[in-house]
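Next come two complexes built around subunit A: one with subunit B, the other with subunit C.
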Partner chain A sequence: MKNSIRQIWAVARVAARSNLAYLGEVASRTFFLAVILFIFLKLWQATYRESASAVIGGLSLNQMLWYLTVTEAIYMSAPRLAQQIDEDVRSGALAVRLLKPISYPLYCLSSALGERIVRFLANFATGAAVTFCLVGPFNCSPAAPIMLLVAVLLAFVLDGLGHLIIGLWAFWLEDTSGLLLIYTRLSMILGGMLIPMELFPDWLKSFVFFLPFPYLVWGPAHLFVHSDWLQFAQLVGLQSLYILLLLAVVNLIYGWALERISAHGG
Partner chain B sequence: MKPLKNAVETDNLRKVFEIKQGLLRRNAKSVVAVEGISLTVPAGQSVAFIGPNGAGKSTTIKMLTGILKPSSGTASVLGLDPWKQRSKLVRQIGAVFGQRSQLWLHLPPSDSFDLLAEIYGIPKNDYRKRKALLVERFDLGRFLSTPVRKLSLGERMRAEIAASLLHRPQLLLLDEPTIGVDVIARQNLRDLVCEWNREEGVTVFLTSHDTGDIESVADRVIVINHGRVVLDDSLSSVSENTLIEGKTAELEEIIAHLFNSAASLPMQNCISPG
Partner chain C sequence: MWFSKILSYLRLARAYIKLNWSMQMEYRGAFVSQALAMFLNNGTWLAFWMLFFSRFPVVKGWEQSDVVTLWAISAAGFGLGNAFCWNLHNLAAMVSRGELDVWMLYPRALIPHLALGKMSATAIGDLAFGYFIYIVVVRPDLQHFLLFNLLVVAVALVFIGFNLWRGSLAFYFGQAEVLSEQWFFAMITFSTYPNCLFDGWMKVVLYTLIPAGFISGLPVEALRDFDFSAAAFTWLGALGVLASGAASFELGLRRYQSGNLLGMRS
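== the complex of A and B ==
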């Protein structure tokens, strides 16, 4: 266990450092984020004006924009984890990775985490600067950044496991881009990236809460604008539960995948 | 710990893949990739394991490293069962693949070394000494802090081999380590591998289509074709005593002859070791 944690930390650190080499990509992504936030501002300004209401779904326009800043920063930080597994399987690079004394899924997950933390911090810093200029500061509680950090970290682990599950299907499908498209769109829509879950119809809300998607995006962003220790504990509990569940699924699929290499060749 | 007598022992190793065909009716077709390979490689030996594309080299290596389970037969690598003790075995194997990198492209080799030290759990003091030794012997000092993407292929391969030796492996797998490398850098890599084989006693398992690599690095040549061993002899014996149609031949000719002929003829009819 101690060894695995040391390995996770080492891989994540190197992946984070390696990601800083892509400064051009980081810059273009943050520019895109600024444009998106500006469009969101205009859309929500119109919505608030039309509804003649200062609060929609429990959020003021200022809160709504800060909520969207967090959701966009999370969503746009997603690394190419599933595609990387796809490539490893198709190109045969997997055989090289299997010769290292670290579990392949653990290596992929750690690398994705390191990469994603750098991307998230860059996105959030840019997003916060843009949103500050557009709607002014957000008076969050002192605990909000800590809650956000913990919830975001768990969300990244959870999402990483989701991407791993998709990526591991490459052992059967060769190309998992279709599955990935479905997964990312579901996490975008059902995760509350575009519209907070508070605005979902009741029937959808009660259904979606049983899925892991809200805990990837909506959960951390909601906590940031509505900091509450009880909700924080609930979110962390649910994220941990889903992490354990998806870990078991990854373990199962990875076991089958290794059997498949043996039966059909690498 | 008792020193190992043999680094690799296989007995009648066989691998059959099931290939499913057809869209609706999935008929399974069996393809024999490796057909009963029996080998003994003494510890510290340097072996060239060669064959044409599709001969079964990769499948054999994947079985020896525990990635693939054989359909039948047994193997022991460094005294371990590769399929039951894979995680223990990979700690004692170093691997270099000419067409795949284990170094992080955007980071200097030094960062990849540090990461490998953590992955293999090398104690800090040991790692410092080992790294210093490898940097000196592989002459990595000049570019240890340069991102890998900015290195020449020869420099990168030197760093790759050094990286694969950090954890003191007992078995070094080299798959086309000099592919694309210029002639001087190629000789330099071969010399380094020989030096390490001689001085540290690491067993070398080399696959290459370059006969220069084989002649410089290997003590023994194993040629495999259609999943079978068609030649297994010391390099000196193969070079000096093998006759093709009654005449002595260069290693390259002998190998080409084996690659071409073994498909239809049994080995002893192709060439006659004299």
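== the complex of A and C ==
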């Protein structure tokens, strides 16, 4: 266990450092984030005005924009994990990766984690600067940033496991991009990236909470605007539960996948 | 004289489309899956708007049917413009790498050869999506459907002209791939949100620098109110964007430097 944590840390650190080397490029891509936040401001400004209400779904306009800043920063930080696994399997690069003294899924997950943390921080910094200019500061509780960081980290692990499961299907499927698209779009809509779950119709809300998607995006963002230790404990508990569940699925699929590998000398 | 010239270019377009289509059909499975993926992607955004309008039925005078019309016209126009002229999407990269040489060897003008050189399966998915939701969700009468077709062609011309604009940046700035890409994202984003959200200086931007107003504004008005003047202004705008795109390309071409690359078109 201690050895695995050391391995995760080492791989994640290398991935994060290699992303930091291209911070200029990462920053240039956050322009899109600024555009989308501006559009969201206009959309929600009009919506609040027309509904003649200062609070919608328990959120003021200021909270709504900060909520969307977090959801966009999370969503746009996703690395190309499933595509990378797909390419490794298809190109045969997997044979080389298997020689490393770390299990392949753990290597992929750690690397994606390191990369994603840097991207998230860059996205969040840009998004926060834009949102600050658009709607002013957000008076969050002192515990909110800590809660956000823990919840986001667990969300990244959970999402990474989801990507791993999809990527590993490359052993059986011709192309996993369709599966990935379905997964990312489900997490976009059902995860509450574009519209908070409080505004979902009741029929949708009642079953979405049983899926892992809200805990990838909505959970951390909601916690940031409504910091509460009890909700934090609930979220972390549910995220951990889903992580254990998906870990078991990854292990199972990876075991089956290993049986299909046949490598020849090169 | 002019008529025979136009006919000659139409024959050229037909030949390219026929050739590119047969290339796509060689990988039929990949073609269908890419087109379906784009269909699904657009469907997610439509689901977001359905959710939004189920909660807030009217936003600044726009209703659900207006947003469906907006998505129909922008997806179909984007699809038509890019499905058959996909090469222009990567124009900035081609110019930066000095890859235009091979296209300069053909008789007739350079832009038609360059534009028609590549086909996109995902854009065909967009085209199909646009028509599908307009017919199935909006259920237009014959007059509206005919006007829709006219406007789809105009929107396609806006996208072709805009791609020439952003691709031509590389003639003037050298490395302009990131800038061109960001400009493209801004255009796509603004053209898929209701135009009524923006006013003042932003409205000016949306009819000049980011000509999304000719996609998300005038065509929707034209279809909603069956307004021929809005349709005429859409066409005028489209021809303006196309003409200025072609002019910026032709002017930039004088600064083009060959990459001395050896290449072969298959």
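Just so it is clear, the second predicted complex is superposed on the first by the 257 of 266 C-alpha atoms of A that agree within 3 Å, B and C clash if a C-alpha of one lies under 4 Å from a C-alpha of the other, contacts with A are read in each partner's own complex, and residues count from 1 in each chain.
Rule of thumb we're sticking to: a residue touches a chain if its C-beta (ideal position, glycine included) is under 8 Å from a C-beta of that chain, and two chains touch if they have at least 3 such contacts.
Since the structure is predicted, the reported quantities are computational estimates derived from the model, not experimental observations.
Trainee: Look at A:L181 in the shared chain and tell me whether it touches subunit B only, subunit C only, both, or neither; answer first, second, both or neither.
Mentor: Second partner only, subunit C.
Trainee: State whether A:R17 touches subunit B only (first), subunit C only (second), both chains, or neither.
Mentor: In the superposition, A:R17 touches subunit B alone.
Trainee: According to the stated criteria, A:V55 is in contact with first (subunit B), second (subunit C), both, or neither; which is it?
Mentor: In the superposition, A:V55 touches no partner, neither subunit B nor subunit C.
Trainee: Output check: A:I146 vs subunit B and subunit C. Expected answer is one of first, second, both, neither. What do you get?
Mentor: neither
Trainee: Determine, under the contact definition given at the top, whether A:N3 touches first (subunit B), second (subunit C), both, or neither.
Mentor: So A:N3 only meets subunit B here.
Trainee: Using the touch definition from the top, say if A:F31 reaches subunit B (first), subunit C (second), both or neither.
Mentor: Only subunit C; A:F31 stays clear of subunit B.
Trainee: Between subunit B and subunit C, whom does A:I261 touch in the aligned arrangement: first, second, both, or neither?
Mentor: In the superposition, A:I261 contacts subunit B only.
Trainee: Considering only the touch criterion stated at the top, classify A:V96 as touching first (subunit B), second (subunit C), both, or neither.
Mentor: first
Trainee: Share the list of subunit A residues that count as touching for subunit B in one structure and for subunit C in the other.
Mentor: none
Trainee: Which of the residues in subunit B come into contact with subunit A in the complex?
Mentor: These residues of subunit B touch subunit A: 17-19, 33, 58-59, 62, 65, 67-69, 87, 90-91, 93, 95, 97, 100, 102, 104-107, 111-112, 114-115, 118-121, 147, 173.
Trainee: Which bits of subunit A are touching subunit B when the two form their complex?
Mentor: Going by the criterion above, the answer is residues 3, 6-7, 9-11, 14, 17-18, 21-22, 93, 95-96, 98-102, 261-266.
Trainee: Within their complex, state which residues of subunit C touch subunit A.
Mentor: 29-30, 33, 36-37, 40-41, 44, 47-48, 51-52, 54-56, 58-60, 178, 182, 185-186, 189-190, 193-194, 196-198
Trainee: Considering the complex alone, what residue numbers of subunit A touch subunit C?
Mentor: Residues of subunit A touching subunit C: 25, 28-29, 31-32, 35-36, 39, 42-43, 46-47, 50-51, 174-175, 177-178, 181-182, 185, 188-189, 194-195, 199-201, 204.
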